[in-house]
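Before anything else, here is the set of structures, which you'll find just below.
Both complexes below contain subunit A, partnered by subunit B and then by subunit C.
This part shows the complex of A and B:
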């Protein structure tokens, strides 16, 4: 009996072994694409091993195309122009590309595989994106659920960014978290500080990265980041500016205001900060100080649900109804927004209703 | 079984179509038949895989399973042979014809679990076909499946522009259409007896 079982197991194993061997050998022969060259903007040439996606091939060479989902093809942010050698358009890319992008050879770099020499065009800013090692210099509690974290850069030891741009913070594996993830946070300090920068991070219940930041991160810890990313920065015009951002959305606005303070501006500006109760307000005095700095700046904290004991005497409700206090010439107003998708959506609608051109509304969406 | 292999080939396309008479391979049939183009892609892949896997499984069955008395393991062995063959096809197509690879792309791995393919291998054993008969039966069944999905896709493309009661939209109406097609094909079933 035993011999019969052994014999059968042996034959089956041999059969499956042969099949596996055939596949492994076929993979070695057919999936080996050798070395391929990636030509970027007709200027730089990189030699990479073929077979990987364009996104990861570039990342290996320290060129980081922004990608919020990490290459799963679910966010559609890693677009780039592939002029030759990208192969046919894939069904996985189609849903993320509009007619103009399809005609312009725009592809998703996480889906395009490097199988031959290819040429791509990417914005020059992306070369500016680097990987940083940093150490935590300071952690301050702004509110019960918002912390300001100051990072001191170790390697490379300086960063060049525009006020409003963001970095991606990589979490290590911690506690029950088996995988490293990266999340985007706007820089809240001024660009002229080259050796360090600050992020403002609000605790998200069950959030992988924010839980790590709030419960595990200590001064002196070493972390990895990439950046800077994004096109959320002040456009160089004469238009009036309205900033709308609640919670940790104050980060990019703070950076913009500090930057404008150094450079000087005579534009009309106002900042609407929405929060729930008085204990969600932070940096209020700091914001009020900007009134002295700029010719025409106003800060409007608005609470949606202040408690009785707090005795709040300021503006109540949502921020939207108070826009009319500030906006005088909607056609000549630029809006800079930062916050949750729901808040962005309702603020955008209100601004458009008031006559602010849609092209003048700028925001970062980290959904 | 004494049946002319070429008669068997045509019989498996028209008179005893694997999909319309045995209702095998229904899941991908229902989900992919929204467009003629992708239906054709999947149909061609099924045709190719069912032909070659019938040949491979015939060899495995008669030269490995029967001599070593392992016939009771045929289900597992057939599925694994099919899966391995699909993998291999995928690797080779990806290398030599990227265009075909991307047009089949998502469908190829789906074929591994297409019951029409396993059905072909099992029928070939039950009905005791010879090697030539098996290969032509596999090819015929694949073509028959291709034909059925193309017909459904054609009908569905026309139905798309019509008003369909909410309860019947999607799979509901597709199943009714398939049932009517199957009824029509039953009319042919007396011509050749393959069972």
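This part shows the complex of A and C:
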């Protein structure tokens, strides 16, 4: 009896062994897509090993499409046009694409698997995005929940960006965090500083990256990041400019003003900065100094809820009611906004109501 | 308890450092399905429904959002909406992203105060998930009902 049972166990084990071998071999044969070609904008060809996502395949060749979720298919940021190849549209992509995008062959690059040669279109600016290693040169506490961080570039040791663009900072595994994540932050320093740049980072409750920055990051630490990204930069026109920011949204506006200070401008400009209480204000004197730099510039800090003890005598409430103090010719006004989605929503509505053309309103796409 | 691959992945995404710094389970050692089951029973016991709670949270969030200048009064509640740059994803891997924001509510009649996020509302409506005990944005059903109704 025992021999019979052992025999059957052996037969079953052998059978499972054979089946496993068949599956492994089949996987090797059918999952091996060999070398595939990715043709970019009809002029650049990359040879990649098939099987990875388009997002990862491009990243391996140092082409970084922005992604907020690290390729999990949950943010919908890594869109690009796939003209040939790429396979059928997946159910995981559909919720992120509108009718126009669906008709225009837009796909999520993290969901498209490179199994064959593929042709894509991506903005030329993406080729300027690089991976950087940097060291932390300085950390400054601006407010109780906002820090200014200066990064000194190690490899490569210089960066080209337009004032207003952002980088994606990668966290290492820290404390109990088991994986690296990347988050977008606007550069706050001027583009002419090639070997270093600054970010302004506000603590977000439960934020993986901001908790790392605020509680663990030290001067001298080495970090990785990619960039620059984004099309939030000052358009070269003669229009009046209204800047509106809140919290860490001061970062790209600071970069823009520092850049204009170097390049010179005679455009009419005003900057409205919204905060809750006096303790949320920072770099106020520095911003006021731009009044001496530009012919026609004003800085308006506005507090929504100052405490009585603060004895705030400046503008109170939300920033919008004060726009009329500055906007004289709405059709000839450009708006550059940076802050929370809620602030952007309210400010955009007000500006449009005042007659500022929607096409003249610019803000960070990652907010 | 035998788990499906999907459940294992969800449980993993709820751990600290995956989607949020401290995760969705807090100090709760239970499986997320057990947390959901207990909270569902509590809500039944209190004679409310998940949709009633989610509808009310949506209504209050919209009210708080309307007041950019700070706290606003709505019935017996004082509401304050605070938003941050960036977005967060769902641990159940539903498509879409949710604004990084929080609404603080204080019931002036009983002084119960708590806060929730746009993701909380989605987690409650779609997954009946109020987060684990000790999690930063755990909404205890009993306290929540006391506060918002």
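We take it that the second predicted complex is superposed on the first by the 342 of 367 C-alpha atoms of A that agree within 3 Å, B and C clash if a C-alpha of one lies under 4 Å from a C-alpha of the other, contacts with A are read in each partner's own complex, and residues count from 1 in each chain.
The criterion applied here is as follows: a residue touches a chain if its C-beta (ideal position, glycine included) is under 8 Å from a C-beta of that chain, and two chains touch if they have at least 3 such contacts.
Treat the numbers as computed from the prediction; the structure is a model and nothing was measured.
Undergrad: Once the shared chain is lined up, is A:135 touching subunit B (first), subunit C (second), both, or neither of them?
TA: Neither subunit B nor subunit C is touched by A:135.
Undergrad: Between subunit B and subunit C, which makes contact with more of the residues in subunit A?
TA: Result: the larger residue contact count on subunit A belongs to C.
Undergrad: With both complexes superposed on chain A, which partner does A:8 reach: first (subunit B), second (subunit C), both or neither?
TA: First partner only, subunit B.
Undergrad: After the superposition on A, what does A:332 contact: first (subunit B), second (subunit C), both or neither?
TA: Touch status of A:332: no partner.
Undergrad: Between subunit B and subunit C, whom does A:115 touch in the aligned arrangement: first, second, both, or neither?
TA: Only subunit B is touched by A:115; subunit C is not.
Undergrad: In the superposed arrangement, which partner chain does A:182 touch: subunit B (first), subunit C (second), both, or neither?
TA: neither
Undergrad: Go through the superposed model and pick first if A:16 touches only subunit B, second if only subunit C, both, or neither.
TA: first
Undergrad: Take the contacts of subunit A with subunit B and those with subunit C, and give the residues found in both.
TA: Of subunit A, no residue contacts subunit B in one complex and subunit C in the other.
Undergrad: Flag every residue of subunit A that touches subunit C in the complex, lowest number first.
TA: The contact residues of subunit A facing subunit C are 68-69, 72-76, 92, 95-96, 175-179, 183-184, 202, 204-208, 211, 247-249, 276, 304-305, 317-318, 320, 339-343, 346, 364, 366-367.
Undergrad: Mind listing the subunit C positions that touch subunit A in their complex?
TA: Residues 15-22, 65, 68-71, 81, 83-87, 89-90, 93, 95-97, 99-102, 136-137.
Undergrad: Could you please specify the touching residues of subunit A with respect to subunit B in the complex?
TA: Residues 7-8, 11-12, 15-16, 19-20, 22-23, 26-27, 30-31, 87-88, 90-91, 115 of subunit A touch subunit B in their complex.
Undergrad: Within the complex, which stretch of subunit B touches subunit A?
TA: 60, 64, 68, 70, 73, 77, 80-81, 84, 87-88, 91-92, 94-95, 98-99, 102, 105-106
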